[in-house]
Amino acid sequence: MNAFDDTLHRALARARRRALPVRTSSSLSPDPDVTIGIATIKIVTEEQIQAVAFGTLDRAPTVIVRLDPIGRDVSDLLPFARFLNATVQRSIVADAPMRVWLPHDVTLEALDVLGHRYWRNQTASAEIVRMGELCRVIAHEATIPGQQLVADATAQLQGHVVTGMAPIEEGHLHAILAWFDPAVADPLFEARERIRLPASGILPNTPDHPHDDRVDRLRKEAKSASGAYRQRLEAQIDAILRNWVQHEWDLMVAGRRAFLDLGLPSAGLDGLVKDSTKRVAYALTNGFFPARQPDHLAAQLSVMEAGQEKADHAALESDPLLRAQAMRAGAVVAGTVSAVRQPRPKFYPCDIDVDSSQSVVRLRLDDKVSIVGTNVTGVVRGLDTTPTGGTRVSLEITGGVRTQSVLSVGAGVELVRSAFAFVNLRALGVVREQQSWIFYGDTAPTIAARPSTGQSALAIATAARRP
Amino acid sequence: MDESIDIDRLRSEEAELQRKLDELRATRIALEQKVKPQSRDKARPLRDLVLDLVQDAGAPLNSLLLASVIRPLQGRTIPATRFGTLSNDEAKSFDSSRARPVYLCHCLTHDQGQAVKRFWARSDWPLPERVMGPMTGRILFLQGAAWTINLARLVEAGELVADNPEVLKYVAADQARDAGLSVKRGEFPYEAWLATIADAIDRHIGEDRALRETAAVVLASRLDDRERLFGTRKGLVSLPGSTPSWRSAIE
Amino acid sequence: MTATRQARLDHADRVLDEAIERSLFGTDPVSIAKSPPGAGKTFLVECAAAVAAGAPGMRVVIVTPGVSQLYDIAERLLAYRLPRIELAHATHRVLPPSLVGRIAASSGWSTGLNVGPGVIVTNVHLLASYLHQLGPGSFDLMIVDEAYQLAASDFMLVAHLASRVLMVGDPGQLDPVHSADTTNLEAGAHKIHWSAPAYVLDRFPATPVFGLPVTRRLLPDTSDLVQASFYPDLPFQSVVDPAERRLEFRLPGLVPGIDHALDAVAAGKSLVVVTLPGAPPPHQEADLDLAGLMAEIADRFLVRQAQWMGNRALTESDIGCIDPHVIAGGAIGDGLRQRGRGAIRVDTVERWQGLQLPISIVRHPLSRPSTPTGFDLEAGRWCVALSRHQIGCVIVARASVGDTIRDYVHGCDTVAAGARDSTWRGFEAHRTIWNTLVAQDRVFAL
Amino acid sequence: MSVKGSTALVRLAGNPDCEILGAMVLQEGSEKRFFERVVGEPYDREFGERQSSKRRGAQFERNAYAGDGRLLREAFAPMLGRDADALTVRNLIDDYPGSKDDARVARLRITRGILRDSVAGRAVPDIIIQPQLLLPTRPGPKPYFFIAPDLLVWSPLAGTYLPGDLKSFIVRENEVAASDLARVRLQLGAQLLALRHEYDQIDQSIVVPPSGMLLFSKPNGLAPHAPRVEDIGGAIEAVRIGIAAFLRHRQKVNDLRAGAEPYTVVADLEPHFEDACLSSCVMAKWCRQRVAEHVADMGDVAGNVLGDMTMQRLLDLMSGSAAPSDDHEAIIAEQLRALADQHDEEQAA
């Protein structure tokens, strides 16, 4: 959506005092059976998790509060590790996809750092190491466009609605939610009040809620205290952290609810779900390996690019609003079938012309396209300007030739370029075998010189030119 | 109703804290009686203490290292600023009429003869011992680390008494880690550490010493007695903006 | 021809000879030829192919990033007597009419190809799909055309197929485009998202590089500005004889501003600016008035019967409109059709890359509402837009561009940690060019 | 936290048009105190660096400097093509500890000495820890800013020292938040400008290239990543613009205050509220009130596309109770109404 449209939506949202959807379809598939949530409170800059709430979303979370998050002993994280491992096991056994809900990307970062710290830690227990590995798998998958494993409540809302606030304020989940709550009379005022306290997986530290400083001080005292006194200090730390990690959890649950209540259909995402599930299942079974070798890096890059292309395509296919925007930029071509050249109905060969009033068309000769909402695919064989300044697209139909409904004169169609991006693992396999020095060597080899012609290249070329 | 509960809670808390305080006091007194020498050291002026430690180390020592060793060794916490005043006091006492047999003084940069205030030495050492060349920082760090590790070794061998041997072990381990040695939790291979550090020192000591000796000759001829101990007096730095005609070079 | 121009041409020939000699017969497995716009890059590729396929009897493969370049090269090579000239493209593609019946074209790879000395032209993705039929030593020489448009991650797939590689490309133009976030790759040891030559030079700085020292397309005034702004490491000069690029109008100018700009082009100023007052309307996706102006300018060239002196009268195919944004381009197209000039090509910078024509009309990328983005400032895009024309380039902008450049404060957050700041370089180029054009009275305000 | 040194320059470079910021830079005392004196009520939001951040920052530096800068030597050795053990280090905090001005001036003197030596071709340390630089403005209040990079590293390639800064925040691979990147690059920009000033005093022909180095922390422990060499031409220029703006603001503040404290004239100064202020400035809420009734309250973008229109005007255009005064407003009104109808239909459905 361009800046102007976005702004008008904000203005309307402010006038209506509620969030406005900017999508008519969802970019997130429905929650699978194995769906969990995780919320964390970290120590700022140290990036150590000091409290974590986790569980399934239908009941109150399990909460772990860490009294000494900086210390080397991580046995207090075991319940979380076991939960994560068990969840993963469930999805592996059921051979079904998994979903992890998070309140926002800060939680994802916290989990990724946790992963980095323990997935190769020799002094930690096997369960903790596995937890670290799973965190890395989750965080890595989250970086791939179109992935369906991680659902970030804030990002989902930001991606599907606008509010009457400034975009920068929409990073605050609690603030966005004010625009969904009918009980809130003035969402703008309420949202800005809420922004005073963080919703980013950290403790507040305002004059009226100086919890971060307080916990810091309590920890210091507790270190040198003992007995019942120490217990009392620890109880206070526990109470504060428990309260705020629960707050994060509640925001996540409310954010998910608000998103689901938008009731956006999630059609056309099967391909993305399949890819995502396959990638995650592989990593969960075979372990996480960060890409370092050039071929792995190339694979990773093309996985991301293919993901992006497929996600964009799925969104266009299923979202008329996005298609309307894409038409202005010529990425989608809407028109009417003006001619069908098909010697035998329902059989190949079949060529059609589509006349569109659009002058801006981004299709090129030999592009593979599909007709939105059908199984019909084709290749662009001609692009001509119509007398009225529109465009005539000639297609050679290569799939769905029996779909007469659109393969007949007068039928209204929308053409969109097919998402043919794929990861050429086979080629990358060969690359790995061949180990070309350019990518795998440290020094450039010298090769045997060839006998020169002793003539100027220009002279030779001139001589070789046809008269 | 609620208040009374609170008051009771506070009373019990108070009582317990009192009990803990008494316990603590008792343990401390017991300890102090056990280790007399340190308790005497606790009373000694920091100046004398540093003079002895530096003498014991046989090389200039860094304020930070001194502070972190004195704490477990003597049970004394020295605030960082204390070394600043120590430096001034020493210079003052040098300027006063009453001469002392030995002064605490600083290392000097090899080229300018400026004081390197964080490194402490003794005035009765030959000048080259206190000159800092390009690699001297490394050498002094390694020598200080070796000295610390050796202290911990002696304490463990029962040849030396420390106020808090456990902490001293970890201070030593930190030095080993800073020197880039592999340090495993709870393991203190003093001998191995000392050997590796000795090698590291050998790599640079020759060249460093030569440079320090030549530099010392020049400095000795250039500096007066006071400067030889506390460094050349700083030249003035003119700060910009003093005159309206002044223009910045970046314009 | 003046002596200096002749000297430059001779030097250029020597560089070309040396580049081919070293890359075909020397001991370095990879060589890189850097070429400014219109330096005869494709000619270098032709010569290298002709030499290699001749006496040395090499099996040469010419690899292009995309398919359009592939057809262009094939077309050019048909002008040579070569022992073998073949073309291979994807199975779903259809040969352009101009090549039908003139070249042995293969849909996909087949065993009959690449037998004996000769040249085959194809693109990276096709080769990558048939690696199982190919292997190390499949070719004696691989020439990578438009190499700076080919990502290292794509070149990787075919790098092992030839013992010698000659990369030829223009370092000042658009880098390979990635839709994915490459932030982490930027810190890695393998910057496989960079262009192939940039990757090679990053890992093997000693790789022989040959810089083509002349442009045969750009007139001296454009050449000097483009070189200074976009090619700090590639010195080159124009060898164009202004006398051979003279433009004259059969009809005198009537429309103030526009015709003054056109007359300036005729007077030999190959880069001029026409500005509309004010700033672009923020509520429009395309600045309709500006688009109209671009169409009108194109129209004026033809209405005034522009002649390429000693050559021909300009037609619609001699003029092109370049707009960085598709939607804005659409508005220009509408304007042109309204004036009955529908045959004048309007396209984005990406699609003009690699092409040349007598007259280009370019929308200034900073002529847009609000503060410039990384996209607007991208140096490569601006470089391509300003280096297509053989005779004249008319930049069209809102007067606000001057203020935009004057008031710009760099955000410092457009590129990843440790990355070269192409956005800032782009801004510096914009500033240099704009200020120069203003200083040289080449800005015509309406 | 006060707006001093490179912090001040970074803030000015980020929003040069804000006169309030100019006054904050001139005002003694903390930013929070400035707010409280201007607004007359206590600042009710989080303020200042958190304990944990301070601790980590200090610990990261301590580790990096320990053992004659061992971790630094190891981090820079590959880049300098030297053996870590062969690199020489000088920690100016050893020479002259302390953060008071006299200590800064002493370290400035030493730093200048080393720079002169390097130009004269005498032996100099490869890495200078805690050097001190100074960036002049003009005679008047705040004629210079003290700039203290964490490091100066000798670059054989450039033939000069280059500034380096330690950043204790954790970077996993290379993910650094855009706002952090902008901030740290501007810091390097200020440092490089100050370094150029010092070199310029010695020899005007010396060219210091526009690059600086950043050392981020790895996720495990406090080990630094390989240095990131930053291309900071844009940052340097932004800081220049910031300084120029400061001089303008200083002039205005001085003309207004007639000897009084800078905060007293804030009401007569022009704020320049931007979205970014919300996350970087204590005065944000106060400045925002000045645009409260305008579309800019919906963010920078809204301000750009709708111009200086009031929210009320916008709503009137939508409801039709106000007639558009030009094309711009007509299109806004038309599209807003269309949008409203569309959404009301969806609601009904």
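We call the chains A, B, C and D, going by the order they appear; numbering starts again at 1 in every chain.
Just so it is clear, contacts are C-beta pairs under 8 Å (C-beta built on N, C-alpha and C of every residue); 3 or more make two chains touch, one makes a residue touch a chain.
This is a predicted model, so every value here is computed, not measured.
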item	value
Most extensive contact between chains (C-beta pair count)	A-C
Per Cα centroids, the chain farthest from chain B	C
Distance between chain centroids, defined by C-alpha means - chain A, chain D (Å)	31
Distance from chain C to chain B - Cα centre to Cα centre, in angstrom	65
Cα-centroid distance, chain A relative to chain C, in whole angstrom	34
Approximate Å spacing (C-alpha centroids) for the pair chain C, chain D	38
Where chain C touches two or more other chains at once, by residue number	188, 282-284, 369-370
Contacts with 2+ other chains: residues of chain D	301, 304-306, 332, 335
Shared-contact residues (touching 2 or more other chains) in chain A	3-4
Which chain pairs touch, all of them	A-B, A-C, A-D, B-D, C-D
Touching residues (chain side chain D, partner chain C) in the complex	13, 16, 171, 173-176, 178-179, 181-182, 185-186, 189, 214, 216, 225-226, 228-235, 237-238, 241, 301, 304-307, 327-328, 331-332, 335
Footprint of chain D on chain B - complex, ascending	62-63, 80, 83-84, 109, 111-112, 114-119, 134-135, 137-138, 141, 145, 178-180, 200, 203, 234-235, 237, 239-244, 246, 248-250
Complex interface listing, chain C residues touching chain A	13, 16-17, 20-21, 24-30, 46-48, 50-51, 54-56, 67, 79-82, 90, 92-94, 128-129, 131-132, 135-136, 152-153, 156-157, 159-160, 163-165, 178-182, 185, 188-190, 192-193, 200, 203-204, 206-207, 282-285, 326-327, 329-330, 333-334, 337, 342, 369-370
For the chain C and chain D complex, residues of the former touching the latter	183-184, 186-188, 281-284, 369-371, 409-413, 415-421, 423-425, 427-428
In the complex with chain B, residue positions of chain A that touch it	72, 123, 226-229, 232
